[in-house]
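Got a structure here, written out as structure tokens. Questions coming.
Letters A, B and C name the chains as they come in the text, with residue numbers starting at 1 for each one.
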Amino acid sequence: MSLLEVRGLRLDLPAPSGAIRVLRGVDLSIEPGGSLAVVGESGAGKSMLALTLLGLQPEGADVRGSIRLLGRECVGIGDRAMRRMRGGGIAMVFQEPQGALNPVMTIGRQVAEGPRRRGLGRGAARALAGEALARVGLDPARYPLDLYPHQLSGGQRQRVMIALCLAMRPKLLVADEPTTALDATVQAGVLALLRDLAEGEGMGLLLVTHDLAVAAAMTERVAVLYAGHIVETGPTAAVFARLAHPYTRALAAARPGLDGGGGVPIGGRMPSPRNVPPGCPFAPRCPRADDRCRAEMPPLAAGADGHAVACFHPHGRGT
Amino acid sequence: MTGPLLRIEGLTKRYRPPSPLPFLNGPPRTVLDAASFTLAPGEALGIVGGSGSGKSTLALCGVGLLRPDAGRVVFAGRDVTGERAPPGMQMVFQDPKASLDPRRRIAAIVGEPLRPAKGEREGLVAEALGEVGLDPAVGGRLPHELSGGQRQRVAIARALVARPRLVWLDEPVSALDVSVQAQVLALLWSLRERHGLAYILISHDLAVVARTTERLVVMEGGRIVEAGTTAEVLARPCHPYTQTLLDAVLPFDPKAAKARLERFRRDRPRGA
Amino acid sequence: MARRLAFWLGGGLTSALVLTALLGAVWTPYPIDAVAVVERLQAPSPLHPFGTDQLGRDMLSLLMAGAGTSLLVAAAAVAAGAGFGVPLGLLAAFRGGVADEAVMRLSDLALAFPALLTAAMIAATYGPGVLDAVVAIAIFNVPVFARLARSLALPLTGRAFVQAGYLAGKDALGVVVVHVLPNVASLLVVQAAIQLAFALLAEASLSYLGLGVQPPGASWGRMLGEAQTYMRLAPHVVLFPGLAIVLAVMGLNLLGDGLRDRLDPRLWEGS
């Protein structure tokens, strides 16, 4: 049984000027112990996808399609049932930790809340919280459990958020940019920890990131999201061996290197979800686009190695 | 040019550790320890350092939003220590969501540092939003209606709209994908060339500081442990901590990246 | 579900109260000073749906007129309380130090004085009247709003978006007006609804004791006070003013609770 199975997921946000079409038919799945990276440009819909999976989409949003979490259908089951699902096996690291932590509760109590809800005693839960914090590099000897979030640095807060999720012992962890505020050493530590949990305890991981290198290091599969569509997906090794979609290529070229190379911005802007042109959403910025691209959306076509790309003119091997 | 634009002298900040009982606190913890450096007009300085090394504290003391326990901040020849937000200085906060008033529209947020008449103001706001790669139409939205990276760009637009002489940027591009990141960094660089903007860029991303700063300061445990030109420090790091930082950068190639992470997992002491 | 009900019920009762007060100000079925001793203490009838009082005045007309007085006194007192209290609380939060200490100790002092005692003191000095009710109730409201505004504003002082206001060139006053007040306003409004209920009750008690509204002005509290000797003879003379007070106070309280849940979903999300 898959931990997560998403089919044809659409998300429309209501707006006075007509619906905002944020997600437009997303398919993905994660097996126990499996990992998937969702990468894409700012505003592509990554956070909205993550939030929708947990039933946390903005109020009044219209969700269609199917989300099966731990074998249960979650679209349209109502708030209360969804809250129970969240308590039992899925956790989320939010993109901006500031808003997700309670400013008037000590970090120890916040991290201990998950274990407490599982029925652990106060002392045991506190010990577990200390352990979880130590695992993300916040040793209680140096960073006592009774600190408040505002007494921590940005990166430390982000790690508290991660510890809080780990202490819940989730079967599936949805992590939205979990390491953006972390320097390379701590980032590597946290990523290594997440991999340990995926491999050792069979935790599923959905990792939202804009950093292709993080995706490359961390996950077995990647999905590239652009303007609410998955435009390229497949096993990480296969995708990185041949970046087929012109958008993924451009994304890779934009990455700055330590030697001062790279760093080429992609010209133009991603279309706003309020006002979506017909055809491939990348066509206006794509050097390979022709009239067909501007008229119809290319389907996501899979090759033999499971590497799928939604493009009429994908890059081949070596081009 | 005469004299530096900014001189930081021995800035120090201490916090008392929390304790269940008042009066029983242990000795205060020094999170910023006698940091000193200078910045010439139009210069770009990078600050790198591990999580919790005191980078944000240094920035907040620098713009006067936090009162240092010791040390001086001299800006444009004037002692501004402890003066809240001296004119000509701006800052981009580390957590963009927290730095945007949840009840104000984006146009009002970005236009806040501007003083001039209404018509001109709208044009400047639209221009500032365009510069960071946002559609000026987002001006009518509220912060929660934007994505994380869009909010981060709003914060940058606000800091730059009034054309300050110096801007502190605390992890300004951490939430941005590489393409927008490149655009924002290019914008900073061009403002520096055209308007003589000086900036201090705090980042944990060595690749970012490598391409956008001339000088680099490395912090660890509240202290500046290494300083020099960016190229030199990155090419020949002297301090072991700088070396570690460089080592941990993940390469782009999945095999190499996985191998790097594997090595990290092996070397890491259990439970750390 | 229950929360939504509270909001609508509270809103309905409160609107009914306000409409009655507005109508009562321009029109009542009978003039409220139409004394007719022969018609005294009549039970409810089609002519006088709520009966008549000990002086033969139409109870419905009195209740309608009284609604205006009660609401006006309560609203004036709460407005004055909020008008002084909120700025004081914000000052305390943003200045800290001596200003904070002074505001907090003064509000302790004001809270220690029961409104009743204050009203009695003012009445003893200046003679009884509507104004002492307003002043006495307002004095009780100032510290309530000061404390609430302070506690709501305090966590905002260190928030990045407030600090960003300083960077944009605003001074403390500008920051408070533009960034702090709008972000605490909703909870202040909630508190105002609840304080209005308290004030209504306080006005009734003061008038009941003869300290508030003076004849010939109509007031629910006064109606209760004057009618209590006839309670055995004609229960409706206390029943209706009593019911009016209960419904008005309940309506405002429900409205306050309902508003709180609507405006601040955080309060119940975690539970």
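Methods note: a residue touches a chain if its C-beta (ideal position, glycine included) is under 8 Å from a C-beta of that chain, and two chains touch if they have at least 3 such contacts.
As the structure is a computational prediction, the values presented were derived from the model and not from experiment.
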Greatest centre-to-centre gap (Cα means) from chain B is with chain C
Looking only at C-beta pairs in contact, point me to the busier pair out of A-C and B-C.
B-C
Separation of the C-alpha centres, chain A versus chain B, in whole Å, is 25
So what's the Cα centroid distance for chain A and chain C, whole Å?
50
Taking each chain's centre as the mean position of its Cα atoms, how many Å separate chain B from chain C?
50
Among all residues of chain B, which ones touch two or more of the remaining chains?
95, 98
Out of chain C, which residues touch more than one other chain, so two or more?
160
Counting only residues that touch at least 2 other chains, which ones in chain A make the list?
98
Using the touch definition up top, name the residues of chain C that touch chain A in the complex.
155, 158, 160, 270
Considering only the defined contacts, which chain A positions touch chain C in the complex?
98, 102-104, 150
For the chain C and chain B complex, residues of the former touching the latter:
159-161, 163-170, 178-179, 182-183
Which residues of chain B touch chain C in the complex?
63, 65, 84-85, 87, 89-91, 93, 95, 98-104, 112-113, 115, 155, 158-159
Which stretch or stretches of chain A touch chain B in the complex?
39-43, 46-48, 58, 95-99, 134-135, 137, 144, 146-148, 151-156, 159, 176-177, 180-189, 191-192, 195-196, 210-214, 216-218, 236-237, 240, 250-252, 254-260, 262-266, 269, 272
